[in-house]
Amino acid sequence: MSLIEIKDLKVHYPIRSGFLNRITDQVKAVDGINFNIEAGETYGLVGESGSGKSTTGKAVVGLENVTSGTIKYKGVDITETNARHNVKYNQNVQMIFQDSLSSLNSRKRVLDIIAEPLRNFQHLSIEDEKIRVLQLLETVGLNPDSLYKYPHQFSGGQRQRIGIARAVATNPELIIADEPVSALDLSVQAQVLNFMKKIQRDFGISYLFISHDLGVVRHMCQNIAIMNKGRLVEVGTREDIYENPLHIYTKRLLAAIPEVDVVKRQERQQQRKEIERVYQEESSQYYDDEGLPYPLVQVTPTHFVALPKAQLIDQLK
Amino acid sequence: MAEENTLLKLNDVSTSFKIDDAYYDAISHVNLTVKKDKILAIVGESGCGKSTLATTIMGLHDLNTTKIAGQITFENENLLDLNEEKMNDIRGAKIGMIFQDPLSALNPLKRISDQIREVLDYHTTMSVTEKNDRVLELLNQVGIVNPQRTARQFPHELSGGMRQRVIIAIAIACKPDIIIADEPTTALDVTIQAQILDVLRSIQTENHAGIILITHDLGVVAETADEVAVMYAGEIIEHGTTLQVFDNPQHPYTRSLLRSMPQGDSDVANDDLYVIEGSVPSLEKMPQTGDRFAARIPWIPAEYHEERPTMHVVEPGHTVRCTCYQHFYFKTLEDMNI
Amino acid sequence: MWKTILRRVLIMIPEVILLSILVFLLAKSMPGDPFTGSINPRSSATQIEHLKQINGLYDPWYQQYWNWVVHLFHGDLGQSYQYHEPVTNLIGDRAINTLWLSAFTMVLTYALALPLGLYAGKHEGKLPDTVIRIYTYVTYCIPFFVILVIGLWVFGYVLNWFPTTGSVSPTASGIGMIGSRFLHVLLPGLLGALFGTVNIVQYMRSEVIDAKHSDYVRTARSKGVPRKDIYKHHIFRNSLLPIAAFGGYSITGLLNGSIFTETIFSYPGMGMLFIDSISYRDYTVITALVLLFGILNLLGTLLSDIILSIVDPRIRIN
């Protein structure tokens, strides 16, 4: 049994219009996706803005109403009433956000920020709470004197670590990390990513790592899903996705990453242009009549791609 | 004096900001040359002064709270000596600027056509119809599929990529000699980023402009720039052709930055990224003498740093600040802690 | 757009009904009735009792309410107990006076506040800004009625520049009447504007400062647009946006202000009528006025939303 099993998850938003404000259409932010997260792994969810990746993350943590489908945590469907409470889901699943400044309450001290989940779920005495928060600060590599400071007194990387300290306070089993490093400088990004890996090794935490940065995802994730228009277009191991991408969308994303290889840049630009041409001109072969990705089909035991049979055979040649 | 292709020359330029009655250098003693037909990248992390460099060239600082020293030579004039009126003749016409956040950089209450036409109003003598035609032509040039429609729209009706194209259209409207692009793709998706960089490259070849590309993204630099200047704490610490800097980086900071990038072949479970110790000092705490990067490589003995670091020639066209680069080595993994 | 406005107006209906019930009950629950003060000191208790009976004061509240509503729809707001005149007539005359005064105050307020706010924001931190800010702080600290009383005393009685009571000189006629009317609203209007500008000046100032440091102004500067044109084409218009939205609400403020102004200046408008009818427990007038003020409030809010949706392309009320 996986830690998290997501089955046919849909999150649709109604669009209201007309005189009586009736529901006339729907935005299918997440439109039927399936994936599993194993205990102790980092699962990568990749897509561009508007792909539905953040909505998926929020649905998993419970910040978004699920239209249909199931999210099973240790076999219990947490979309059902009361289920969440029974398995202490809110305590065991936490979230880290991209913008650490706006996701931390600017009027609260670091002590109160980190202690908040503790106060919600564990009823510690004031001394014990302080000891626990100091422990957490040490884990994330911040000074004990940070305790009584406010978020704006820290740098971006430090704030992100405060966010992580808050997320790990209740010893969660899963952390949803939504673009945790995209607002950070390269050198700070390295610190935060290392730290995320360290607490994973130390506490066996799983991550759902949501990002648009394929370089960072490759560094962090063993299993990856590529999301496009609310659906998954390709799922596989890191090797499947990076060595043998099959869907044009995956190829296009990979080709778009600029690389620090000056000698090959001409070549890469050519390659990118060619993939872009295929994407523009032959998109009907990769997407259905409505312009949406096809259902996933299995290619190897680990590798799935959203292509019709004929196209798939073509790709595998 | 100057080479044939030189468009703009920065000579010993320093910009300092007033904080509580004292002035602090945001950029110190910068020397740079922008050449025709070339893309010069200024790369560094937030707070290194790269954006201040752009706004200094454009003359966008409030001189009541900012001190600027040195010379910025453009068409045989020092831009720092020009009054506001003369600078307005240059801004938008001869030097165009592209900004990072394409949503806030456009006036939310004005139609796209009006915002592009505004540049033409001040720098050309075109008739109204000519201007309207030019607006459509520009939108077409930056790759907007339906220029008529976009021209009538408001900024919030466009996607991020489209808005950035509009910003570029504004910057190139008067065919400037120099385009300064400050983090032009940071707010965009990678695929859109690739498209925007394509647009920039095509404009450069069509207009023969010199481009200053300011970015923190080493990949963007490696794929786009002809020349690179790496900045740390307000100073240029390494400068050379893109190939020189990326294939043979010399300064400890450049080498550390490149090393801290995620690599493809790492082991997911165990491999950590290289971390530069410490953090960038704030403006007020910036050391004013000695090697500003020294504090972040404490295992390199002090005697290897210069007291007043200068640029040293590694090979023709490739320079690096401070002698410490000759003695730098990476701290071994065992004694590194996060 | 029209659809949306219509929908908004329809939504207002239950709000107005609720308001009217509240207003009616509130007026009923006030201590005393129009006969407590007694119309004629010689009226006997039985006579008063009889008067109460025929005026329906002993009917259950919902029946009284229903009668009131039915009459309302016939354009009959009832009879004032104090003035022995239909409430509609009573309000009609005064509404015009109040409209005069309010419109004048409003025009004056904006004519003063916008340039002051723009100027202060433009010269942020310099002497003119400091002077304007001191003016706003000082005015803000003084209660409105104190400003009115001092103004009335200094300019009305001591200097004798302006008339101190009424809405028009009883002897004036023809062109002179218009002049006289104007003269009568001048001082209360000026004082009202003096007070009303405070919020708008501060609002405008901070909007201008925000706009000045915004990215789109930086873009305009990098286009080579001269500073004065940047103020004209970008900063002024964008700063006006929230002020325009504020416009609808300021109607409400003016009506509230009119209660003070009219009472102190003995200006025969709705505000003075309101205070008078409260002291006489003239509740047919009170309910009519509160209802009217309430509806004007709702309309002001609607107006604000409509103005905003017209000037701001980002907001389309759908």
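The letters A, B and C name the chains in turn, as written, and every chain counts its residues from 1.
Heads up, the rule we're going with is that contacts are C-beta pairs under 8 Å (C-beta built on N, C-alpha and C of every residue); 3 or more make two chains touch, one makes a residue touch a chain.
On a predicted model such as this, the values are computed, not experimentally measured, just so you know.
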Worksheet item: For subunit A, which other chain has the most distant CA centre?
Response: C
Worksheet entry | Pair joined by more contacting C-beta pairs (B-C or A-B) | A-B
Discussion item. Quick check: how many Å separate the C-alpha centres of subunit A and subunit C?
Written reply: 53
Worksheet item: Per the centroid of Cα atoms for each chain, what is the distance between subunit B and subunit C, given in Å?
Response: 54
Worksheet item: So, what's the distance in Å between the C-alpha centres of subunit B and subunit A?
Response: 31
Worksheet, complete the sentence: The positions of subunit A in contact with two or more other chains are none
Worksheet item: Which residues of subunit C touch subunit B in their complex?
Response: 214-216, 218-227, 233-234, 237-238, 241, 311-314
Worksheet item: Can you name the residues of subunit B that touch subunit A in the complex?
Response: 45-46, 160, 189-194, 197, 216-220, 222-224, 242-243, 246-247, 256-258, 260-264, 266, 268-276, 279, 338
Practice prompt. Mind listing the subunit A positions that touch subunit B in their complex?
Written response: 42, 48-49, 141, 155-157, 185-191, 193-195, 197-198, 201, 212-216, 218-222, 238, 242, 252-253, 255-263, 265, 268-269, 272, 276
Worksheet entry | subunit B residues within the subunit C interface of the complex | 58, 60, 84-85, 87-93, 96-97, 99, 101, 104-109, 118-119, 122-123, 154, 156, 167, 170
